[in-house]
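Each of the two complexes below includes subunit A, the first together with subunit B, the second together with subunit C.
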Partner chain A sequence: MESSTTKMPGSAASVRNACKLCSPLGASLVFKGIHGCIPMIHGSQGCATYIRRYIISHFKEPVDIASTNFSEETTIFGGHKNFNLGLDNIIRQYRPEVIGISSACLSETIGEDVNRLIKEYRQMNWGSELLPELVYASTPGYQGTHIDGFHETVSATISTLAVKDAKVGEHINIFSGFVSPQDIRHLKEIISSFGLDYVLFPDYSDSLDNPNWEKYHLIPPGGTLVSDIKRTGAARGSIEFGYILNEGAMNTRVNKAKQVLTAGEWLEVNRNIPYHRIGMPIGIKETDKFFELLEWFSNKPTSQKLKDERGRLIDSYVDGHKYTFGKRAIIYGEEDLVIGMVLLLLEIGIEPVLIASGGTGGRLKQMIDELTEGKTKDVKIMNNMDFESMNEMADELKPDIIIGHSKGYYIARRLNIPLVRIGFPVHDRFGAQRLQHLGYQGTMQLFDRIVNALIEYKQENSPIGYKYI
Partner chain B sequence: MIHTEIDTQRWKEEVLKKYPKKLAKKREKSIVVNDSDVIHPIQANVRTAPGIITQRGCTYAGCKGVILGPTRDIINLVHGPIGCSFYAWLTRRNQTLPPTPESENFMNYCFSTDMQDSNIVFGGELKLKQAVREVFEIFKPKSIGIFSTCPVGLIGDDVHAVAREMKAELGINIFGFSCEGYKGVSQSAGHHIANNGLMKHVIGLGNTIPEGKYKVNMLGDYNIGGDGFELERIFEKCGLTLVSSFSGNSTMEKFEAAHHADLNVVVCHRSINYVAEMMEKKFGLPWFKVNFTGAEATAKSFRKIAEYFGDQELIDRVEAVIAEEMALVNAELEKVYDQTKGKVAMLFVGGSRAHHFQELFTELGMSTLSAGYEFGHRDDYEGRSVIPTIKVDADSRNIEELDIEQDETRYNPRKTEEEKAALAEKGIEFNSYDGMMKDMLKGALIIDDLSHYEMEKLIELYHPDVFCAGIKEKFCVQKMGIPLKQLHSYDYGGPYSGFEGAINFYKDIAMIVNTTIWKKIKAPWEREVTIEAEYAA
Partner chain C sequence: MDNFLTGREKQIVRSGDTSQKIQCAKPSLAGSVSQRACVFCGSRVVLYPISDALHVIHGPIGCAAYTWDIRGALSSGPELHRNSFSTDLHEKEVVFGGETKLYESLSELIDRYKPKAAFVYSTCLVGVIGDDMEAVCRRVSKEKQLTIIPVQSPGYSGTKKDGYKVACEALATLVGTSDREIPKISINILGDFNIAGELWLLQEYYRKMGIYINATITGDGRVDDIRNAHKAGLNVVQCSGSMMYLAKIMKEKYGQPFMKVSYFGVEDMSDALYGVAKFFKEKELMENASLLIKEEFARIMPVIRMYKEKLQGKKAAIYVGGSFKAISLIKALRLIGVQTVVVGSQTGTPEDYALIQELCDEGTIIVDDSNPIELSQFVKEKKADIFIGGVKERPIAYKLGLGFCDHNHERKEGLAGYEGMLNFAKEIYATAMSPVWQFTR
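Our next item is the complex of A and B:
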């Protein structure tokens, strides 16, 4: 059954098939990237259950997220009792190094002062050996999207733990954003190949993609060490991926007086650490920027192995352009991922006809037009999009391919065109945690998948039955 | 490998030791060593302690996701921030089959008012009204349900008033649910709220009397993985008319006509017994409990239905169907039985599945050494006879109990008390459910609202051959080297109901309990050589 009336995206009261998730989900992902951390959502237990369920269906790994299990009484008299009890119970069962606390709609609506609750809990348990680090990120589900919750939590973790007045070290900070575990592993390989000492945060490359275990671990191994998070405050520089980052949360606040800083910005302002913001290293141009920075920081040239990866990528662009050139694509997802993908598509001759994000930052169009030097000025580039709005626009746009996560499948199915799955959530294909997007290697993977999707489509849909394509 | 009662008692003590005192005291009452002769009381349907990782969901999930989720021709509009609607978007595997490609099917959609900061501060009723008008204008549905999420109750948006106003304005059936997530102990509260809503706003609206000789409503099958399709097949084959199903593969029209049926059969007691009770009071439809999980249980349940109508022709037809189906079932069972017999299962899921699926394991020659519900109440464990003794607490008081009276014109008791008594003699017990405990082994561990920590300890104790739960538990258990079968989503398999369902389940379990991958966890070069020696004195 198809709908008939088109509404202006963003102008309607109802959202039909959302292209965004809520901010505590982003918070939980970041907390999974801290070594020895148990996330706890201060709110209704359904939030933790839904979010666990969703993260697990993508990563296929154990994901424990505690909740303070608000009841009617809690919503009226405040959550301090549940908060303390929740922390007590987690500590007793898990002995975590960190408890990552995020708020939810409920605690935010009643105006819970979580920072005060933390202070009181610390006072009550002063001197206890078991007292973990307590990190708090404010993530009301009605401000911004999951990606804003993600960046807010990265920033909150850093501002809580980063050392002050320490001697500047040799290391650099990498804030890589919401990327796949395989992406993180690859980033670590790249940075190590320059001989750099670094702190990458959040690093859920193991905790959300563990090998099988011989013995059960209450808290899955992996994550950025607390000691490493602390020393981000003494780094000689930070690299942060993303042009939009947390602008969505700011944009949706009633009270916009307080500027929210990203982790990199916060360290620059409060710890005087030089800050480099680049896009997600997807495609040759954006990845080159990343490698240039690494060469500068390390004062070393890119290794032959990685140079060869770049070379092979260019070689395959040459070989593959006949399949991609002139094809029309719809692309959707988180703003920074979408920007990276658009820049890649332009490199390989695919014409984006609709660039959409459920993100609420509001600057997607401006940013992409700037980065593409106006090449996209006539392309529909939209924030605040939902899938039904995309679906309604799709016929007219005559796309050959759709690139985004699993939720857009129904549009691809209706149009009978391929969907190349990237990002999150991917729950209708196997191996989401191993999808690669970043660096020359990740770009190569994306390129191969896009080309093969187009080839497969041609082969399946031609009466000739091509055997060589 | 049946442990003695002493083992299980000791296990319980060890587990409780790790908890803080108060929590230990609380959990103590939810862990019972079973004695099928003397049913021991269990603590159930009480709040999960904060900080304990629970399997449970929220009131909204039970209301929107479970009960009204599987109905294809109603627009379910979620009033709240975006997450709640997104997470409930096709995540349960309830399937639907519209008669034609053009037929209404809104189940693939996720509608939300996507409340923003400003709506929380200044109120969201205007946005809700606008959203209702929009979805009406675009989709022209016959009904719209509005579901409240956590902040709605707090900021005081009156979804019921908005529903009434919009109903008057648009002229279609629109109703709201106050199913804010924090309202109840678990999704179970949401089931109750949804049951009430259906009774208040839907059931009884239809005036067209459905055709059919033996008219039945099936309550509490949600067509997960096509369960409902298989059951529809058997109903039809037996010559029974399924007037409505609450709520697998359902439509509003069928709900509206449900009072024209002559019998309610209850599959999942927990989620929908309220509707059965209320329909009996209002319209005089008797209900009894059935179980369509397990081939024998399915046969027994269909025999019960035939006996209820008491028509020899129907009884013979049902027998013929059973004979035909059981031949296929037994052929499959024969193939796998040697591979499954003697193995051990555990089930921690749902409000009835942890009980019903034991039937299938018994058929496979497997034993269930431990089980428990995620959101069951005491009556689901101990039987309905305990209902009068269940303590009413703040949480249960919070959920409205509808005051149902006999419908003045339409009340029609389908069976007289004498007829009911005569059927009871034949083993058909009306308004009755014996619960899980009676069917379980003596000494089995029954645990309500199993926590993560308890789950790990349980696995250490028994090393079951298969552990049944949901996706949240799946990868933890598998990391412990034990296969987990998802009984919420069926691991995207199924159906597991009815006769074909039993065959599917036999195959899947035989595969799971015989997989060899667990033996490969240690690489050959890692295997330790054990050297035994004694110290010289």
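Our next item is the complex of A and C:
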């Protein structure tokens, strides 16, 4: 880690208003993207409850996450009994196809061997037709951030379920990362338009954004089917979004040498599946890369409909360029989302003055400088950031706009500048599930929202009160 | 109901069935999706509104991040409490210990924010790695000449309610450390957290009656007022689940009497004011209370009657944190013509549940430490129209096509006092009468 890109002003040891969450939250999100799955956190009750509350406030959907509810006794004697009872109780209540188990600080620290617990449970219940698939992701909350928990869980699910030695199929795998339900729906539309068979994982586009129900569903419908997750092991290629992915988890380990593979990497190493890593398709250039890959996989050109979307996006860039040019922005959030946003901002002439992430990967500056071919060389780009550090730096940076999730609102309010809400969590607005970021369509939405935020700001602060621009 | 958890049968009873006594204050079963949080959460939410204190969470980032500014607990002055400070422990500290990081964090935060005192919360992780948090607190306390109170709240060490107790113990170490003289007719307000400014409304009532308000614990709370809390003539305790323990300690230590009240609903609100007036045995107080209540009734009752007419016959389900609040809710709902058919809480007491059983119509389901599966089936069975609960219950209600009223600490509408009763009625009315339900039912 370079000190100049990770050191926080004003605080060295403490974190003040974190710009990150903990890894079991990421794990729970991924498990919500498996069909028929109930997540269970092996640890204290609070973890599950807090995480539920946090996710519910964003998606406005029921989110059931079970807990093994550690007590003092469990902590001393081990969680074996609670683990088994927990699984029994979930099966009794929910009849799930999958139970997605993640660890927490507590179970990791007392050295619970969850893989062994799973093995024993399977042996005890062998032959029971109610026995679901059990997937385990190791996600101690003291390692990395929620995004690392997310990628760890994607990878753990794939390595647990992906078939071996199967005939290579026609389908491809898409690991789209932590994006909105509407983003996922749009991605599926795009890939289908190329006539490609695919498995997208995790797919919480329905389970975290359901229609209103006729009757109550214990497990909300939606999610990638287990049979689909299994056949990721026989795909002819994988596309994974993100340049940094799970580097934060590795970087906060004592033993950094131990490499953790992402889902795409794991399939390449263990199932010989060619792997393509690209950034989140945000902005024209990054989206082009995605479409080029799809054209290559499908051997078909991009459909006219999508080409028109690209054309319209360029048209709006042109229409709005004067409102964005030279504007100064603070951007924060998960590393890969931030990278995508920065690349978009550079396409429309907005100048990032602070690019911040609470992520712990440590390579944000290097990666962005590389992707922008040095254009951001003098920009403050920082890992391990918290909101108070951003707040203290903000005045000097004289930003016109802030782009990030809800929790930076207090800085925008203090500076009296607009906040364009993206990513997660959006706890103070409706429609977080339907915010779009990806593809030409998602970029168009982001562009419209940014441009309008700037125009609205100018209009509301103008003494004239004009009606057209 | 074949998918209900075995071992919870005794935590569910029906009103009118006197053969059953509800079981409560039990740890949640493994594998349940309890709506409860942890010991840390209990301590954190109780102490959080003390706005000129530094609150440092010694643990991994999640515990701090999920509790950042979660309560709408307002302050009339400093807002230090609205920040979230964490030692953000990583694997390095798990292996080698987190005392150094705590020492450095505390020292730099105290230098930077100059708080009146500091609370340092321990979490699951700190509980198991065995940091000597008290020693670090003592050391920094000496170096910075500041009161630093360790709050021993590892999440696994009990339920949320045990966290309330830990918080009360922490508060008790502050009480009695100052000796400012105050008027004889004075109270401390315990257990109001100034959600959406509710406390200010209550203070106004008491002041109008002629009562001096000493410490507010912890809504709009200040360290120096809490230090002097033992000087008040009476502790008036709301949210008894969280604060009764402190009132009992203060009674034992300083002989300070206490009174349990609720500010929710016009009946309980009026009882509280009359009760406090009666305690001080001053004729003038009683007259003032009576005048105030009369005025408020005259102001709000016509509106309430209008709502009652419209809402008559609606049925409600209640699931809240504490059972005492549930009692007030049942009465308040009755006032606007709404019948309670399901009522439960995360951390209720046997006495409150017994009272609820008496208070409710026959067949009402009463439940302790419930979960989404049970709640969804209960409201369906009892054909509830409206659900009153917190964030985690809201999507359940909405997916079932029920109206919803937020009665948790995130809410932005004051629901206490007479004004609060109006807000409550208005919200229930809005959610019950919205035309959107035509598309869902």
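Operating definition for what follows: the second predicted complex is superposed on the first by the 458 of 469 C-alpha atoms of A that agree within 3 Å, B and C clash if a C-alpha of one lies under 4 Å from a C-alpha of the other, contacts with A are read in each partner's own complex, and residues count from 1 in each chain.
Heads up, the rule we're going with is that contacts are C-beta pairs under 8 Å (C-beta built on N, C-alpha and C of every residue); 3 or more make two chains touch, one makes a residue touch a chain.
This structure is a prediction, so every number in the text was calculated from the model and none was measured.
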Clash-or-fit label for the pair subunit B, subunit C on subunit A: clash
Which of subunit B and subunit C A:Asn115 touches, first, second, both or neither: neither
First, second, both or neither for A:Ile51, with subunit B first and subunit C second: both
Contacts of A:Gln366 with subunit B and subunit C, given as first, second, both or neither: neither
Contacts of A:Ser128 with subunit B and subunit C, given as first, second, both or neither: neither
Contacts of A:Leu85 with subunit B and subunit C, given as first, second, both or neither: both
First, second, both or neither for A:Thr75, with subunit B first and subunit C second: both
Which superposed partner A:Gln459 touches (first subunit B, second subunit C, both, neither): neither
Set of subunit A residues, in rising order, touched by both subunit B and subunit C: 12-18, 20-22, 24-25, 40, 43-54, 56-57, 60-72, 74-75, 82-83, 85-90, 92-93, 104-106, 109-110, 140-143, 145, 210, 212-213, 216-218, 252-254, 388, 407
Residues on subunit A engaged by subunit B in the complex (per definition of touch): 1, 3-5, 7, 12-18, 20-25, 40, 43-54, 56-57, 60-75, 82-83, 85-90, 92-93, 104-106, 108-110, 140-143, 145, 210, 212-214, 216-218, 252-254, 388, 407, 410
Complex contact set, residues of subunit C against subunit A: 3-6, 27-41, 56, 59-68, 83-95, 101, 104-106, 108-109, 112, 123-125, 127-129, 155-159, 372-373, 376, 380, 391-392, 394-396, 398-401, 439-440
Residues on subunit A engaged by subunit C in the complex (per definition of touch): 10-18, 20-22, 24-25, 40, 43-54, 56-57, 60-72, 74-75, 81-83, 85-90, 92-95, 104-106, 109-110, 140-143, 145, 210, 212-213, 216-218, 252-254, 388, 407
Subunit A-touching residues of subunit B, taken from the complex the two chains share: 18-20, 23, 47-61, 77, 80-89, 91, 98, 101-105, 108-121, 127-128, 130-131, 134-135, 137-139, 149-151, 153-155, 181-183, 186, 394-395, 398, 452-453, 456, 470-472, 474-476, 478-481, 521-522
